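Same chain, two partners: chain A is paired with chain B first, then with chain C.
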Partner chain A sequence: MSAELMDFAEAMELFDPVLGLEVHVELNTATKMFCGCANQFGSEPNSNTCPVCLGLPGSLPVVNGKAIESAIRIGLALGCTIAESCRFARKNYFYPDMTKDFQTSQYDEPIAAEGLVELEVDGEVFAIEIERAHMEEDAGKLVHVGGASGRIGDAEYSLVDYNRAGTPLIEIVTKPITGTGAKAAAVGRAYVSYLRDLMRALGVSDVRMEQGSLRCDANISLMPKGTTTFGLRTETKNVNSLRSIENALTYEIRRQAAVLAAGGKVTQETRHWHEEGYTTPGRSKEEAEDYRYFPEPDLVPVAPNHAWVEELRGTLPEPPAVKGKRLQQAWGFAAQEFADIVNSGSLDLIEATVTAGASPAAARKWWLTELARRANETGVELAELPISPAQVAAVQALVDAGTVNDKLARQVIDGVLAGEGEPAEVVVARNLAVVSDDSALTEAVDRAIAAYPDVAAKIREGKVQAAGALIGAVMKDLRGQADAARVRELIVDRLS
Partner chain B sequence: MALTTSDVARLGALARIRLTEAELQQLAPQLEVILQAVATVSQAVGPDTPATSHAVPLRNVFRADEVEPSLPTQAVLAAAPSVEDGRFRVPRILGEEA
Partner chain C sequence: MSEILQESAAQLGARLTAGELSSVELTTACLDQIERVDPRVRAFLYVDAERALSSAAGVDQRRAAGAELGPLAGVPLAMKDIFTMTGAPTTCGSRILEGWIPPYNSTITQRVLDAGIVVLGKTNMDEFAMGSSTENSGFFATHNPWDNDRIPGGSGGGSAAALASFEAPLALGTDTGGSIRQPASVTGTVGVKPTYGTTSRYGVVAMASSLDTPGPCAREVGDAALLHQVMAGWDRRDSTSINAAMPDVVAAAQAADVRGMKIAVVRELGGEGYQPGVQQRFAEALEVLSELGAVITEVSCPSFDYALGAYYLIMPSEVSSNLARFDAMRYGLRLGDDGVNSVEDVMNLTRGSGFGAEAKRRIILGTYALSAGYYDAYYGSAQKVRTLITRDFEAAFTQADVLVSPTTPTTAFRLGERVDDPLAMYKADLCTIPSNLAGNCAMSVPSGLSPDDGLPTGFQIMAPALADDRLYRVGAALEAALKDRWGQPLLQGLASSDAGSYLVSEGER
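Now for the complex of A and B:
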């Protein structure tokens, strides 16, 4: 399946990439776009459906007002102009994930258009122009059955779950992005990451790429250096993580460069990204698609009045980039340290942990190391771990108070994650508090001195650095439940 | 511009309707008559009449974002020609990927 690829650096000497990104965001409204069925991921198949989202004859859609509100807020946050009046349109095509044989979308009158997003990538600022953000509905979910690969080409038949059919979607489309050069892939990634943070800050979507609530189609074409006419582009679908966006764009740049350099022509087509690191051609676009769009006769126009739009503008959160700068400064992190936080998706969690009383350094440490590792191991997002920022702050408070040391704190976290209660309760239930009783500590120190007379002798001679071995022995004796610094003091005390 | 039989054949293909040559010959002029009728109406409309996509001058008809009961899954699946694993079973689709 692998195609000829040109070395990336060489491709960058010969060509300028032109990017275009289409991002679909599933809104987290309680109900679907046009009916009162629950908008919920993970329900029993076909349990959240009704005559409207099943497209049964005679059923009539009614627009979800909350979805319009979210669409307007998204448009405003992207710096778009909100249409004074807009309408829905039918996009006609046949596919079994589509109950009505048309998708209710927007065509000539999107709710939001002409926006601007500014991104910083490696210290360079890129202005991404937004062409439009429009409302539409999602389709059902297909599972292909038969064939070893699970991919459609080998499938014998398909199974459809219509729970997702009718879920409100916002499609955000950029204008062609030029001038990114070798940073094209990084800019693509940064843009989607920015949208994810923005949607999260707006509270309009779960933006879970792995669950499909944020999806990206990446368009890219190449033009020979020094020219300004766009080349033929490919549209890569199925790009379900930030890393994949970067990898897929890099791959397509290298593949197209090889095609062009060999005197060939890029086929304008849809391609599919494979996590193994390559793209394959999908639907060919030999014939221009003809969706026969026409205004949706079952829905009346949406005409948000000025006062409503301004009221919604007042609800916009602090832009993620502004918030980031503010917090980075307040917390005193270096740029890279802060970037790690943003990239891990833990900014809000760390902010809440700091608000709950932990120091920024401690909050960062827990979320980016211990908790990130557990999230990784169990395959969930950080925010899904069954521990709250307040509980993390409470664990750190126990460390600060000397009740537990770092090692014991990790066991406290184990307990909280296992549902054993609040951190303080876990300490009691698991008997994790450090031994702070000096007589118990002294006894353990004496046992260690007796067990390692050679080491003790060295310390007596003033080689205090040898104390490590005795501290280790005491910690082992007390099952780790001691404050190492205090143990050290006692050892030095005893042997001086 | 008159509607040709190949226009009608293409529209038929897009709508998944297979038409014989005889049907194309019959339908093209009939559809042409309809298009001309619409064109006549268009000519009668002055420039001061805004285009609308809806017969009733209504705007902003919204529903509250409140969950209403869905259909029982069994009733939904009863409408499917074939069912497997709680899902609609459909023939494999060639040449496209979801």
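Now for the complex of A and C:
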């Protein structure tokens, strides 16, 4: 499947990449863009539908005011100018996931335009110009059954779920991004990561890439070094994670470089990213349809008044980048340590855990290791785990007080996740507190010495490192409910 | 034919209220008339006698129980087959929608039902309301009750023919370029295109969204006013709906007073190409209005000359998009789904077969007009003309209270006469289109039979947006004066003539 690729470093000597990103954000409004149906992921297929989002003959759209509000807040947060008046337009094309065979979108009159985002990548600041942010509706979801490619063309049959049809979307489009050089892919990733944090901070979207509530189409072209005329670009779709964005952009740079270096021409086309690490061509733009945009006659122009826009400006959260800088400094994390927090989407959780009394290091440790693993295993977001930041802080407090050790603390977390109550309650209910009574510990130590006389002999001879085997035996004896350091002290005491 | 079928909806409503007549009796009379006459007229695509009688009985019961009902409660109505109504098919006169039973009521259907009006069935129309003769219906053509070899107008020919053949005292229509007014004109009935945005489009299958206007059809101006009042009003489901107080059209029809009103003839809507008999009746109507105390003047609306051209760019553009959803995927006709054909094949086969020639013609025209590289020249220019037409109206309305013209240049043409000449067909809407482009209101009232062929002519009244009451003031005054002059309403003349003998049973003549 893999095409001819040029070595990345070599490609960077010959070409300058030009980047362009189109990001679709699904809004988390209670209802859909143009009707009163629930805007909900994961419902029974086709249950959140009505004549409007099914596009039944005669039905008409009515704009969701809350979606307009979200669009304006997003526009403002991206530094855009909000249009005094803007219109919806119809984008006409036939596809079975479209109930009306046109998408109600915005064309020449977006609600927000001309914004600016500044990103820091490896200490270098990049200014990303935002061309526009516009409102549109999502299409339904097709599932192609049978056939090798998973595409509609060779499917045996296809199923369609219109629950997603009419979900409010904001499409955010950058202007061509130049001057990123070898960092093009990293900048692409950083930009999407930034948008994700921003949307989350605004509270306008779940921004879950794996569920498609944040989707990115990555455009890239190359121009020979020293020139300024953009080359023909490809638009890579299906990049559903931050890592994929970086990998897909890197791949396309290497592939296009090989094509150009061999004297070929890049085909302007849509390409699909495959998680195995390559792109394949989709529909080429030459045969692409003419969308025949025209103003949507079923809707009147949207004209947000100035006072409302200013009121919404007042609701904007602290920009994620500013907040990040502030917290990184306050918590004393290294850049990479902090980046891991941001990338895992746990910044708010950790912040709340710290507020609840845990040290930043401990809060980071729990959320990024133990809890991240649990979230992964159960396929949910960190924030969806049935444990609150306050409870995590309480677990850490138990560790700090010596009530439980790290290992026992994990069992406390098990209990909280299983709904057994607050951490302190779980400790009691599961009898997890460490044995702090020295006489009980000493008895267990004596039993271990008796059971392993040869090990004990070695320790008596001064081979203190052999103590591990005895500690293990004691811990096993006490079902892990002991402070290992104290056990070691007692063993050494006993055998010296 | 039962005597009561010639009475006005207002009279029938009064008799129902007084308990002199039951809705079941009245509905039965209409259903009998449909059964007897419709095999010739073919106004209806669908009649549900059981449902009609059951809702009539419901109204009678509520009335007997002392409920306060509206003036039209229990009065039957013929519904153009473009309004959705649960439990009944909606086809829009198209094969592509055959068998589709909508799961929801249009706002106007709901208002009509809430008013206690009894729906007899759905009437024939040109496919998706595209045409001026009903010959574009995917099922069959409707015949003009005045002369069964002639067209009843279109697209709402079924509704107009149902009125003129005494099958129903009230009917619903939609007017995109004249689909209410032109059929009214050629059948000797009354048709009103209300101000755009005052009658909800929710549940009215779209042809051209920025032009489509539901409106009332009746045999008398006063009846149209009563139905207009039921239909009109703001609807939160229609974003283009106007949230403003509606003028009292019923009171205006009752006032029927034109004294001191300035009535201006539109110079561009007359002269060459207009049938002499149509022009003669138009001139006579002006005299009548003058005698009634109106001041008759003339205005020029030069942009009206470009109205037809602009209309045939804007309308097909919207059509090409609105009709896209009929793709065989979710409802209606589905052809070629054999497990081998691709989804595009199924769409193509279904649309190729399900749409008639006129629908295809307009889809192609509109697709072309909206194409990249042509958009500005076609759709863009047409929108500019639309603005100019609106300005012409605005200027004219500073000089006159209403504008008038013949409704359509000729009387009913023969079935088949224009089917192969789309341009000739389109010209039937020459006088009606400007009001659709500008969004103002207009009415057609009968102005007598053309002396050259004995067929009905129509007098069009145009008023500014949200001044629908002026239409009724002028229309009712003209109607009353002409009735005095003729000695009876125009349609009673039909019923008592040889040509209309089939409308009344032997024993009654």
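Just so it is clear, the second predicted complex is superposed on the first by the 444 of 496 C-alpha atoms of A that agree within 3 Å, B and C clash if a C-alpha of one lies under 4 Å from a C-alpha of the other, contacts with A are read in each partner's own complex, and residues count from 1 in each chain.
In the analysis below, a residue touches a chain if its C-beta (ideal position, glycine included) is under 8 Å from a C-beta of that chain, and two chains touch if they have at least 3 such contacts.
Please read these numbers as outputs of a predicted model, since none were measured by experiment.
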Practice task
Determine, for the superposed arrangement built on chain A, whether chain B and chain C clash or fit.
Solution key: clash
Problem - First (chain B), second (chain C), both or neither touched by A:T355 - result: neither
Practice task
Could you look at A:T369 and tell me whether it touches chain B, chain C, both or neither (first, second, both, neither)?
Solution key: neither
Exercise for the section: Could you tell me if A:T81 is touching chain B, chain C, both of them or neither one (first, second, both, neither)? Expected result: neither
Exercise for the section: Name the contact category of A:G58: first (chain B only), second (chain C only), both, or neither. Expected result: second
Exercise for the section: Determine, under the contact definition given at the top, whether A:S436 touches first (chain B), second (chain C), both, or neither. Expected result: neither
Exercise for the section: Go through the superposed model and pick first if A:T315 touches only chain B, second if only chain C, both, or neither. Expected result: neither
Exercise for the section: Using the superposition on chain A described above, determine whether A:T378 touches chain B (first), chain C (second), both, or neither. Expected result: neither
Practice task
Based on the superposed arrangement, let me know which partner A:S47 touches: chain B (first), chain C (second), both, or neither?
Solution key: first
Exercise for the section: In the three-chain superposition, say which chain, chain B or chain C, touches more residues of chain A. Expected result: B
Practice task
Pick one for A:F102: touches chain B only (first), chain C only (second), both, or neither.
Solution key: second
Completion exercise
Clash check vs chain B: of 346-354, 382-390 or 454-462 in chain C, the offending stretch is 382-390
Problem - Shared contact residues on chain A - chain B and chain C - result: 51, 54, 56, 62-63, 92, 94, 96, 152, 158, 160, 290, 292, 297, 299-300
Fill in the blank from the handout: Within their complex, chain C touches chain A through residues 83-84, 90, 92, 97, 100, 102-104, 106, 201-206, 208-210, 236-240, 317-318, 320-321, 324-327, 329-331, 342-344, 347, 367, 370-372, 375, 379
Completion exercise
In their shared complex, chain C is touched by residues of chain A numbered 51, 54-63, 90, 92, 94, 96, 99-102, 152-153, 158, 160, 290, 292-294, 297-300
Completion exercise
Note: in the complex, chain A contacts chain B through residues 29-31, 35-38, 44-51, 54, 56, 62-68, 85, 87, 92, 94-97, 139, 142-146, 151-152, 155-162, 237-238, 272, 282-283, 290, 292, 295-297, 299-304
Handout entry: Contact set on chain B toward chain A in their complex
Key = 14, 16, 53-54, 56, 58-68, 70-71, 73, 76-77, 79, 84-93, 95-98
